[in-house]
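Shared between the two complexes below is chain A, which has chain B as its partner in the first and chain C in the second.
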Partner chain A sequence: MNIFRQELKMHVRPLLFYTLGMLAAFYAFLLLYDSIAADAALVDAVLANFPKEFKAAFGFADVSLSDLGGYLSFLFAYIVLIGAVFGMKTGISVLSEEGRTRTSDFLLSKPLRRGRVASEKLLALCLLLAVQNVLFFALALPGYLSKAGEEPNLKLFVLMSFSVFMVQLFFAGIGLFLSVLPRRLKAVMPVTLAVVFLFYIVELINESVLDKTLSYLTPFSYFKASELLSRAAYDGRYLAADLAVFFLFTALAFWIYEKKDIHA
Partner chain B sequence: MNLLKRELKANAKSLLAWCLAMVFLIWAGMVKYDAFRKTGDEVNQMLAQLPSALVRILGIGNGADLTSVAVFYSMFFLFFMLLGAVHAGMLGALILAKEERDKTADFLFSKPIRRNRAVLIKLLAAVLNILVLDLVTCLVSIVFVERYNTAGQSLAYPVFLVVAALFFLQLLFLGAGFLAAAAAKSAKTASSAVSVLILGTYLLSVVIHINGDLEYLGILSPFRYFDVNAVMFDRYLSPGYSALSLLLAATCAAGTVKLFGRRNLRG
Partner chain C sequence: MKNVIEIENLTKYYGKARGIVDVSFSVAEGEIFGFIGPNGAGKSTTIRILLNLIYPTSGGARVFGRDCVKDGYEIRRDVGYLPSEVFYYDDMKVLELLKYSASFYGRVDMQRLRYLAEVMELDLGRKIDDLSYGNKKKVGIVQGLLHRPSLIILDEPTGGLDPLMQQRFFGLIREENRRGATVLFSSHILPEVQKLCSRVGIIREGKMLRVEEIGSMRDTAYKKIRLEFREEVPEAPELPEGAGDVQRSPRELAFLFRGDINEAFKSIARFDLRNAVIEEPDLEEIFLHYYGGEDGV
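Entry: the complex of A and B
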């Protein structure tokens, strides 16, 4: 379990920074809520006249802006974006860090199978993501409760908060896979940001043309908060797609890592 | 000159990947547009009635006719900015910091050229990379936009202006990347700093978008510098913010030369 512990130690600082970033965004959105709430009643009145299909296409079928959950459901995507960057970055880092610091020979000459090494790293990765989500949830909850009024929609908040974890799994899997492809991955952040933003942009395009057919392409449309609001659960098909991507790419990454020719 | 050639060659593969990503993005977006414009009229009518508070939260253009190719294309500016900022920022941070990371700093900086000159050549190589990416973006955009353009008037010039705005912003992020590399201890720290800058200024631009009262903070977020509607439809590229971008980029470059000039290089 030494590798597991070492990985945790190495990523604990980025974990705290990214969680702080997510919380900062969350509380900034909460503060802005007051400026929107004034218009909210008006907005709701106008929306009442819109056909249901149209509202469903835009993802606000049952959304009321005068309700905090409804307001946050539009903005949670940005918090998911920060989480996705952390998930991808950590996913890319864990299996490729030794290549960059030229410590592969040190690690891999230990009396452990490569599969074991990779497993401990994967376990650390999952724990890091889980801890981040729990931290975010615990520290954001007081803010949510303080503004949510008399009957806070707790279930929605739980679903929204942990949707970050689900999206992170997608990117962690892709990250693990991409990181073992080149002989030595030189830099983590360029690949991370480019891939995450590409998926994010695909989601923005989907949203603006009201098209759902391509929504399976990007994890940002798997657990959209506005959907969670009307459904009050994760959509099984998207959940399956999300986990399938995670398991498939993680398995591929393990397979390549076990056979890979490592240059010390 | 050897250094310039070497840098261009070293970045050629990644530049090609970036160009392909850009072409894919424009192609995919335009294919979606083609499907959308045939059914979009009803959507348009409803969009026009949306209250502005909701429009601000959804992040869609206000009262915009999305079936017009010019309006649709103007959405791309945000995508270009996001990808362009990552490309330029990371390029700037790593082109300088990679020598120490790859332990080739002693090799390069013991050559009989001044350190400042090496930095400036790397800067030139990075600017050329950005120019190529923007040129590809511009040409591919014009081809696709003109294909769907039914307005009669050519949109080539407004598209060129949009990409020009992108170029100024990329220079700004490139400068920030260089400065981060000169100031930070390692390539890793430099690229992390640039990531924070990109994500932070992007989220700031979102916050300003939601609450118009915070407009004065716009100067802190390059994502707010150019109003794509003004660029696209009034053909107005704000000279003030263009100058500010260039000025900030130049300041960063000067800071880099100064800091890197007295840096204790780890071999």
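Entry: the complex of A and C
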């Protein structure tokens, strides 16, 4: 398990950095909630005048911002986005960082099977994402409870919080796969941002055209907080699509990594 | 004698680019085999196939009688590898890295680690990032020898090491060899291969030219002799048998020499010299004169 440990060590700093980022965004939005709730009628009136496409694009088309549930579903779109960037970035990194630091020779000349190397890295990746979600949930919960009043909807908050993890799995799988394709992947962040925002733009288009089939193309549609509000559960079909993408692309990544020439 | 490495018709193309073509040779147990050729000849390609870092296009290689592609895992347990360019995790300390490296082979032999570090004068407390190229190379040497491998593969190992450290390093290799380890030593510097190896394989442009006993190479090896005269020497001086490729100006004379070095000195002795340089020719020159140019043998 030495590779696993080494991976955790290498990613602990970005993990804390991104988790802090998510928490900062969460609490910053939450601070604004009081003033929005206080002028609920006014806010709703103003928003009513916004074009529908604009509201859709920013995630508050069919929710009321003056209601805490609706407000959360709006703000979680951004938390999920930050989480997606971390998931993608870490997914791209784990199998390609040896190529970047040029330590592949060091690692793969050791008595290790490549499948073992990839497995330990995958395990570290999943643990990092899980830890991030637990950390975020634990540290964001007090904020939610402070605003929720007498009857907090814990189930809804759990569903929203862990939708970050589900979306991260999707991007982690895509990231693993993309990272083993080129001979040596140098630009982790540019690829990460390009892919995440590509899927985000698909989501924006999807929100505007409201085509159900298009929604399978982007994980941002799978666990939409506004859907969770009414449904109070993850949609089984989307959950299946999410996990299928993760497993399929991870398996492909493993297969390519096994067959790949490792260049000095 | 048993062969530790057996390579048969090994070919590797990187897409359309040539790596190696039809390379065959074997290395016997307990020998120090020199693998020599200019940069880009295919030495590293061959070595990387032996370690299963890359996959062959055709042909095959066996190490310890096992197939390199299928049994890479078992093979690598008993191989120590020093790459030509060493890269490690920059934020680790030297000791941390060596322990990480050793952890893949089981127990860490701290006594041996300290012994090797002492011989190579390697400071275990420093960060990898702060090390010079030569010091990183020392880390590579220690991590390659730490687990007492029975096959040691060295890919251009001496770059960055000062002469004293090269001596110590060669000492360590000889020590391991006496213990029974087989060594594959790749280099583009002929003299260092001559110092250490019993046999050499010569590779050029992806093809194996020949495998020779080192003794026969030494007898036929060229020296590069360059003389500067104090006075102008108008007439062409008479040179002993074995001199070739003569280049001359009134104050200078340069030639390649192969034969009894005493004869060369006798014929030089009558001149009043300002300076004399005798060098080992580099590999390209040897290929050109010894193996008769482009197509080698």
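In the analysis below, the second predicted complex is superposed on the first by the 236 of 264 C-alpha atoms of A that agree within 3 Å, B and C clash if a C-alpha of one lies under 4 Å from a C-alpha of the other, contacts with A are read in each partner's own complex, and residues count from 1 in each chain.
Heads up, the rule we're going with is that a contact is a pair of C-beta atoms (placed from the backbone, for glycine too) under 8 Å apart; a residue touches a chain by one contact, two chains touch by 3 or more.
The shown structure was predicted, so the numbers you read here are calculated from the model rather than taken from an experiment.
J.: Examine A:Gln6 and indicate which partner it touches, taking first as chain B and second as chain C; both and neither are also allowed.
T.: The answer is second: A:Gln6 touches chain C but not chain B.
J.: Which touches a greater number of chain A residues, chain B or chain C?
T.: On the superposition, B touches more of the residues of chain A.
J.: I'd like to know which partner A:Phe106 touches here: chain B for first, chain C for second, both or neither.
T.: In the superposed model, A:Phe106 contacts chain C only, not chain B.
J.: State whether A:Val85 touches chain B only (first), chain C only (second), both chains, or neither.
T.: Touch partner of A:Val85: chain B, not chain C.
J.: Enumerate the residues of chain A that count as touching chain B in its complex and touching chain C in the other.
T.: none
J.: Which residues of chain A touch chain C once you look at their complex with the stated criterion?
T.: 2, 6, 10, 101-106, 108-113, 259, 261-264
J.: In their complex, what parts of chain A are in touch with chain B?
T.: 14, 21, 25, 28-29, 32, 35-36, 39-40, 42-43, 46-47, 50-51, 54, 57-58, 60, 65, 71, 74-75, 78, 81-82, 85, 100, 186-190, 192-194, 197-198, 200-202, 204-206, 208-211, 214
J.: So in the complex, which bits of chain B are touching chain A?
T.: 14, 18, 21, 25, 28-29, 32-33, 35-36, 40, 42-43, 46, 49-54, 57-58, 60, 66, 75, 78-79, 82-83, 86-87, 90, 94, 98, 101-102, 187-188, 191-192, 194-196, 198-200, 203, 206-207, 210-211, 213
J.: Sort out for me which residues of chain C touch chain A in the complex.
T.: Residue list for chain C touching chain A: 14, 44, 48, 51, 53-55, 72-74, 76-77, 79, 81, 83-85, 87-90, 100-101, 103-105, 143.
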